[in-house]
Structures are given as structure tokens and as C-alpha cells.
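Paired with subunit B in one complex and with subunit C in the other, subunit A is shared by the two complexes that follow.
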Partner chain A sequence: MRRFGIGAVWALVVFNLGVLGWMGVSALREHTAIFDTPWGLETFGQIENFVRAWSESNFGRAALNTVVLVVAASVVVVVVSAPAAYALAKSRTRLSGAMAVFFALGIGIPVQVIVIPLFVLMQDAGLVNSLSGLFVLYVALSLPFTVFLLTGFFGSLPEEVEEAAEIDGAGPIRTFVQIVLPLARNGLVTALLLNLIGLWNETFIALVFIQDSEKQTLSLSLLGFLQTQQYSGSDYGALLAGVCILVLPMLAVYVWLGRRIIEGLTVGAVK
Partner chain B sequence: MAVTAIPVVRPRKAVAGGGALARRRRRTFWPFLLPALVIYLAFFIGPALASLWISFHKWDGVGEMEPRGLQNYEILFSDDTFLAAFGNTLLILVVVGAATFAVSFGLTMVLRDMRGKRFVRAVLFFPYIISPLVLSVLWGFLFRTPEGLVNSAWAALTGGTGVNWLGDHLFGVIMIGLIWVNTGFYTTVIMAGVDRIPPDLYEDCALAGATAWQRFRHVTLPLSWDVVATAAVIWTISSLKIFEFIYAFGGNTNDMPTVTVWNSALFVYGATFGGRTPQYQFGYASASAVVTLAVITVLVVLLRRLLRREAVAF
Partner chain C sequence: MFSRWDIRITPYLLIAPFFLVFGVFGLFPLLYTAWVSLHDWQLADGNQGFVGFDNYAALLADPLFYNALFNTVSLFLISTVPQLLAALGLAALLDRSLKAKTLWRAGILLPNVVSVVAVALVFTQIFDRDFGMVNWLLGLVGVDRIDWQAGVFSSHVAVSAMVMWRWTGYNALLYLAAMQSVPREQYEAAELDGASRWRAFWSITVPSIRPTILYTVVVSTIAGLQLFVEPALFDPKGTAGVGGSDRQYQTLTMYLYEKGFRVFDAGYASAIAWMLFVVVLVFALANFMVTRRSVRDS
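Here is the complex of A and B:
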């Protein structure tokens, strides 16, 4: 029984790694070869797949858009959330407790429930089909989770340091910026990281709000690529190269900071 | 994949307390909170209320709003597309959820004292941080006919052509895929709960000659119950947000996948912005969104009731 369990676990591990490996290998093979022998290795070494994906379906432009957008939105959402989370974590009144719950409600609101009013709102502001509009939405929609996550981190900081800072005559803003933020660095980095990952993979909002191809994010490029292949014929090699362009940065981040990511994502459930 | 977590807001001690620090905190409370609060009200609470308002109207988003009372809701409950989408949402919630939790518990029990457990956990968790769009494309490649990995392996072994997975069993393929994607996350969460159980309890079990099932039933499950309950709420919320993984299966025929695999998130998109000729039925789609939100709320409240048990102190 136990041996069977261990076998099953390793089979699953092999499966996950196999899918990843297959993706990487096939992204470097020719379409017809993948089609004929999906398990094979013939025609391995087609760097052109990546070149085609990059140039023909606008992945280059989309990659630039995505990187700028995702980094900017992640930084801004942490900057806006940090003071709020600090206020919620440290002021122990009934009001702040209620506010913390109120913010957490946002985590439970699926985006498809609010997308229609958001669309109307952004249309009135002239921010539909614009990367700045997408930036605003990304910041706003990442807010509840970030506030929730950071409230937990600030709550675990010791009081004494702030008391000492106060005795030394530091004002509230100075205490926050110079004492509290450096102490909470770990939490801030985790929040930044989780937002980077979440927004890098975001598709639904981009799909609704962006139409022009030069404003596309990587997710949209990949979707567009799937669609053009219906007309101009499939090209599995280039498609998988496109998939790799989306996956490899996340894979690198995961290999580098995996433990922190796992802890950050599961902290809410376990605490 | 939506980054999800669950509000576990602990009751705090309401310290009316004096002290300069507390006083100062009260002064800075609003300035610190306000920017986030304004954004939150404008982009979450306002729109959620607006959805409710719009759901009582007929509206294409451009012209005049035409009041309709409860008519949208009446149509909704006799609309086969919506009912099917809603049914799929519940199928995902219950069937995929139950399977994911069962597999996750199974994995946890095996992983608990296995060598290389951190490596295994990291590999299993990995799909959770990959774009669902990508996972959907890769999952589709496994099940294509005839060139997919599953069918070509089948052909090599038996010579037969195998099953037309994506044609005949698309929703089943999607459900299995969702189990695959989510198992790593829930295994990690449950494992964290199980890891807190003192090992001497298991030693007692061994001394008393308990079977693996008894050990699970009488030690592991009750002592990790609060974590499981929270994880169930997380699953309820995040299962309703599933969109991309299903949407990308539309890549081969039309812009949207066939309506038989829609869930309620795809229904909202299909009734408004999606497809070759967008419908822009803002009122109607809002009504379906409101129904979804109402159902989540009821389910989360029910789940919390149902799963609430006396916490076992250890």
C-alpha cells in the first residue's frame, strides 16, 4: 500500500517534469515532426520556432508591454497597500478589525462579477484599449489580496522597535518609512513577487480591455497565435515556443525563490 | 491563476489603551488607509453594487438603460445555456473539489515521511504558478486526436486510434486537468496542517496497532480539520474564478469553446464581450454574475457552518 503510494507520487512528479520537458523539447522541433511522432526527437534544434513566434505574432512587443506593466503595477500596489495594511495591523480598534474583514471580502469577489461596471467606468474615463487603463485595473484588482497578505506581516512585527523610535523623537511617517518598512522587507518582497506572478499570468482583464495588437500582453499574444493558426495552418513548434516564452521566466523565478512563493501563497490558509 | 488566499481575520483585542504610540496610531490611521480604501471602494464595492443595479435593466452599455425588474432573472432560469454553465460550475466545485482534496490527502499521507518530500512538493506545486492559458494548451496537446501524446502512446501500444478526447469528452478532460493543476496547492496547504500534529501521537497509534486508515480517521483528519475547512473555502472561491483554463480550449473551432463546457465565468464573457459577434447583453450578464456571487456567498457561509467543529487542542 505504502509502496504503491510512493510509486504514485513519483509517477506524478515524472509526469509534471515530463510535460515541462516535452514542452521545451518540442518547442525546438518542426511542426510536421511533432505531429507525426509527438514522443520523438527528430528535427530537434529548431531555434527558428522562437524567432517566428517572437516576430510573427508580436511576442516581442507583447513581452515589453507585459514586463513594464507587470513590474509597474506590482510595485504600485505594494506601495499603496503597505501603509493601509500597517494601519490595519497596528491600530487595534474595532473599526480597524472590521476594515480588515471588509478588505478581505474583495478576495472573494470574482472579477467576472464586476467586469461590466468596470468596463463602463473605464470607457467613461477613456481608458479602454489602453495600457494605462490596464495598469490602473491591475493595481486595483490586486489590492485586496496584497492588503490581506501585508496585514499579516505587519502584525507579526515587534512593537518595541516602534516604541524606541518614538522615544527617539521620530514622527509617524519617518517611523514607518525608516523603521517599519525595512523590518517588513521580507513581507514586501513576497507581496511583490506574488503580484508579479499573478499579473504575468493574468488573461481575463486583458482580454476584455485590450483590442489593439500593439497593446497586447503576452497572454493575449498567445491567444492570438492560437487563433491565427486556425487560418494559416497549425505550427505546433512555434506555438510551443510561444508557450515557452510565457513559462520560462516564471520557471526561473520559481527555481530561484520557490520556497518563498509557496509560503506566501499558502500562508493565509495555514495561519 | 488567481493568487488566492483566505481571510482568516482573528478577533483582536480591542485595546482602548492610552500611550503616545496608540494615540499617534489613531491619528495616522485614516491617512494611511485612505488611498487603498478609495481604490477598493471605486473598483470593487462600487462595481459590485452597480452589477446588482444593472442586472435589473436591459442595457448594451451604450444606449439608455431600460428597467426590466426581475425579468433578466426569470429568463436566466429558463436559459439552457446558463443552466448548463451553472451546472458545470457546480460540477467543478463539487467533483473537482472532492477529487482534489482526496488526492491531496492521499499525497500528504505518503509525503509525510518520505525522502525528498520538499522536492516533490515543489514539483507538484509548480503548475499553480503557471498561466492557466499555458496549462490549457499543454493539456490540450496531451489529448489531441490523433497526434496527442495520450493517443499516440495508445496507438503505439495497441494499434488502435483511441478515444476522441477533445471531441467527445472535453469537459471530462477539463475536469481532470483542473485536478492536476490544483492538487499541488492543496497538498501543500494540507501538509502544512498535518505537519503541526505532534509525531508522538503517531507513535501512540503504532503502539496501539492502528491501521493506516484508523490513523488517518482518528488522528490526522481531526487534528488538521481547521486547515481543511479553510482550504475548502479557498477552493469554493477560486473554483468560481476559473476562466482561462476552459477558455483556451476554444482555440480549435471558434473564438469561444463550445457552450457545453462553459462555466458561469465564461457565460458572463460570452454574453458580453466574447465571441466573433459580441452580444453586449450587460443587464442579462450582470444578472448571471449576481446569481454567481449570491451562490458563492451562500456556499461559503454554509461551508463554514458545516465544517465548524470543536477545535481539538494539541
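Here is the complex of A and C:
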């Protein structure tokens, strides 16, 4: 049983790495070779795929857009969420019960359901087909989950710290900024990382709200690249190179800070 | 006096920004969707007048709506049920048998950081009729090539594979975290009483992680009923397609996108959106109840 268990987990991890490995290898191979020998290594080393993907699908501009948008939105989400989550975690009034329902609603309202009125609203505000509009949406729609996650973190901080601060005469806001926030640093970093990854990979909202190619995010550029290949004949090597450009930055973040991400995912949900 | 006022008012001040943003971008749009759905509303030209429940009446007589509804529910069932069971098994294996835990966890969560677009493109190739690996493997054991995109069931299996690949490890980690807080003495006691591992798993482990199971069931239900990118990119035409030549894997979200942002009929699309919301609510609630009843408290 034990041996079988280890085997099963091993197989899964190998499979996961295999899918990504295949993606990376094929991204450096020539189109017809990928189809003739999907597992082979013939024509390996085609850096041109990356060059082609980068230049033909406007990836440079899209990469810049994505980095600025995603970093800014993630930071703002955490800044707005942290105080709300703290208040929720620490206040034991009727307020917190009502708020909990509110968050459940927030997490439960699918974006797809409200996308039409959002579009109408953003159109009236002149924020359709604009990166600032996308920024506003990303912040707004990431809030419920982030508040939910951070409430778990703040709830796990010891009460004594705040009591001590109160005895020393610090007001609630000062306690929060100078004492609680530094203590919750790990939680804040995790929330930031999860938002970075989630928003980096976000596709649906961007697809609906952005039309111009110079305002595209990486996901959209990749979709556009896929679409042009419908007409100009497909080049699977270049397409997979495009996929790699989208995926590799987040894989790098994951390799670097994976432990934080794993901890963060499990803290909010277990309560 | 001032400091008391300060203490009572501060929580509200801290929550206010969230409240404001959520009200504007969450609650209000939900009600506004209902409002738009009662009008002849074109995305470019705006409101063309009140039509009552005409959009809903048309929707309930629309075979394409039922097709999308069927696909949505089918995809949800095929992707979510095996996914959560596999995650549960995986977590049990990790909980009791492995060392070097961080490494395993990292390997299992890996697919979750990969963009859905990337997953969809790679898996579409894996399920390719002529050159895909799945058919190649099936060929080794003598099964004929399957045109995965062509059939209803086969396309649903392929799309579900993408969803499962991204989310099984994530759910397994949630289960694992909950399992690790189960006191080991309970297992030792069960073992002394002669209970098998299988028995201990179902009567100790599963009841102990009940809140986490409920959470994952509800969250997976909500997510599983809104699939868009995976099925859309499985269509060779991508987001310009309709989910296969006969719409055999067009979900409700894809139909909503088609009506709202390609035909620009915002009123009709809003009616689809509300039906989707009702479906999500009903399924989330039903699954919550069923799970709560079948997984008994310890």
C-alpha cells in the first residue's frame, strides 16, 4: 500500500513535469517534426521559434503591459484588503457575521454573470479598451478572495500583542500600521503572490474589455497569435514558444517562492 | 471619550473601502444584470425599451440554451467529481507515506500556476486526432484513433482533463493541510481496535476534514459551472468559434460570450447570465447539502 502510494504520487509529479518539459522541448523544434515524432528530438534548437513568436504577436508590448498592470493591481488589492481583513478578524460584533455573508457572496458571484453590466458601466465611464479600466476591474474582482485569505492570517496572530499596544496607549490605527502589519508580513507577501499569479493568467476579462493590439496582455497576445495562425498556416513550434513566454515567468516565481504560495493556499481555506 | 468613539468607528473605517468597491463592482452589477435582462438592450446602441420577460421566454424556447446547459452540467460532473475524489486519495497518500514534503507538494501544485491558455493549447495538441499522444498511447493497446473534438462525450472528457490537470493538486493540498491536523492518536487507537486503513480513512480522516471538503465542493462547483477558456480553445476557431462544429462543448459562459460580445445582444446575454447564476446557486447549495449529509461529523 505504502509503496503503491509513493508510486502514484511519483507518477503524477513526473507527468506534471513531463507536460511542461514536452512544451519546452517542442517550443524549440520545427513544426512538421513535432507532428512526425512528437516524442523525438529532431530539429531541436530552433531559437527562431521564440524570435518569431515574440516579433509576430507583439509580445514585447504585451509583456510590458502585463507586468505593469499585474504588479500595480496586486499591490493595490493587498493594500485595500489588509485593513478590511484585519477589522473582520478582530471585531466580534454583529458586523462580522453580516460581513462574512458578504464575502461569501463576493466569492460566489461569478465574473461571467456580471460581465455584461460591467461592460455597460465601463463603457459609460469611458474605460472600455483601456488598461486603466482593466486595472480597476482586476482590483475590484480580486478583493473578496484576498480579504478572505488575509482574514485567516490576521485571525492567527496572538491577541496579546494588541492588548499590550493598547495598554501603551496606541490607538487602533497606529496599532494596525506599526504593530500588526509587520507581524503579518508573511501573509501579505503570500496574498500578493497569489494575486500576481492569478492576474497574470487571467484571460476572460481581458478578452472582453480589451480590443486594441497595443493594449493587450500576454494571454491575449497568445490568443491573437493563435488566431493569425488560422490564416497564415500553423506553426506549432512558434505557438508553443509563445506559450513558454507566457508560462515561464510564473514558473520562475513558483520555483523561487513556491513554499510561500503553498502555505498561503492552505491557510485561508482550512478554517 | 474620544478614544471610545475611535474604537467603535475604526472597524467600519477599515472595511469601508472594500465595501465601496465591492458594492460598485459586485452587488450592483448583479442587480443591473437583472435590469438589463428585462430590456431589449444592444451593446453598442444601449437600451431599446422595456420588454418584460421576453428575453427569458425566448431563452426557455431556445434549443441552443439547453444544449449549453447540458454541456455545462456534463463538463462540471466529469471534471469535478473524479477531481475531488482523486485529490482526496492523493492527500491521503501524502499524509501517511512521504518524506521530503515540500518537494512533493511543489510538484503536485505545479500545474496550478500554469496559465489556462497554455494548458488549453498544450492539451488540445495532446488530444489531437492524428498526432496527439493520447491516441498514440491508445494505439499501443490496439484502440482506434478517437476524434476527440467530434463527439459530445469524448470532447467533454478531453476538456475535463484540462480542468483536472490544473486543479487536482490544488485540492489535494487543501485536503492534506486539513488531514495533518488530525491527532495521530486517533489512528493508533483505531489500529489497536483492529480497524483497517481503509476503514480508518473513511471513519476518522474524512469526517475530520469535513469543513475543508465542504469548502472545496462549493468552490469547485462554482468554478466548474463557469468554464470558458478550456472549452473555447479546444475549438480550432478559438474564442471566435462556438464550441465545436455542432456546439458539442459550448458552455453557458461561451454562449453568453457569443450573444453578448459577438452578436451584441446584451439583453439576451443578461438573461443567460441570470440563468447561469441560478444554476450555480442551485448546484452549490445542493452539493453543499448532499456532502454535508453524506460526510458525517466525527
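Heads up, the rule we're going with is that the second predicted complex is superposed on the first by the 256 of 271 C-alpha atoms of A that agree within 3 Å, B and C clash if a C-alpha of one lies under 4 Å from a C-alpha of the other, contacts with A are read in each partner's own complex, and residues count from 1 in each chain.
Here is the rule we use: a contact is a pair of C-beta atoms (placed from the backbone, for glycine too) under 8 Å apart; a residue touches a chain by one contact, two chains touch by 3 or more.
These numbers come from a predicted model, not from an experiment.
After alignment on the shared subunit A, the placement of subunit B and subunit C results in a clash.
By the touch criterion defined above, A:195 lies against subunit B but remains apart from subunit C after alignment on the C-alpha atoms of chain A. In the superposition on chain A, A:203 makes contact with both subunit B and subunit C.
When the shared chain is aligned, subunit B and subunit C each come close enough to touch A:239. Look at A:148: by the touch rule set out above, it reaches subunit B but stays clear of subunit C. Contact with both subunit B and subunit C is seen for A:116 once the two complexes are overlaid on the shared chain. Annotation: subunit A residues 1-2, 5-6, 8-9, 12-13, 16-17, 19-20, 22-23, 34-35, 38-39, 80-81, 83-84, 86-88, 90-91, 93, 99, 105-121, 137, 139-141, 143-144, 147, 172-173, 176, 197, 200-201, 203-204, 207-208, 219, 222-223, 226-227, 230, 236, 239, 243, 246-247, 250-251, 254, 258-259, 261-262, 265-266, 269-271 touch subunit B in one complex and subunit C in the other.
Every residue of subunit B that touches subunit A in the complex is listed here, in rising order: 1-9, 11-15, 17, 20-22, 24-33, 35-37, 39-40, 42-48, 50-51, 54, 61, 106-107, 109-111, 114, 119-134, 137-138, 141-142, 147-149, 152-153, 156, 183, 185, 188-189, 192-193, 212, 227, 230-231, 234, 237, 240-241, 243-244, 247-248, 251-253, 255, 264-265, 268-269, 272-273, 282, 285-286, 289-290, 292-293, 296-297, 300.
Against subunit C, in their complex, subunit A makes its touches with residues 1-2, 5-6, 8-9, 12-13, 16-17, 19-20, 22-23, 34-35, 38-39, 80-81, 83-84, 86-88, 90-91, 93, 95, 99, 102, 105-121, 136-137, 139-141, 143-144, 147, 171-173, 176, 197, 200-201, 203-204, 207-208, 219, 222-223, 226-227, 230, 236, 239-240, 243, 246-247, 250-251, 253-254, 258-259, 261-262, 265-266, 269-271.
Listed in rising order, the residues of subunit A touching subunit B in the complex are 1-2, 5-6, 8-10, 12-13, 16-17, 19-20, 22-23, 34-39, 80-81, 83-84, 86-88, 90-94, 96-97, 99-101, 103-121, 123, 137, 139-145, 147-149, 159, 162-163, 166, 172-173, 176, 194-195, 197-198, 200-201, 203-204, 207-208, 219, 222-223, 226-227, 229-230, 236, 239, 243, 246-247, 250-251, 254, 258-259, 261-262, 265-271. Residues 3, 6-7, 10-12, 14-15, 17-19, 21-22, 24-30, 32-33, 35-36, 41, 43, 46, 89-90, 92-94, 96-98, 102, 104-111, 113-118, 121-122, 125-126, 130-133, 136, 165, 169-170, 173-174, 176-178, 181, 197, 211-212, 215-216, 219, 222, 225-226, 228-229, 233, 236-240, 253, 256-257, 260-261, 266, 269-270, 273-274, 276-277, 280-281, 284 of subunit C are the ones touching subunit A in the complex.
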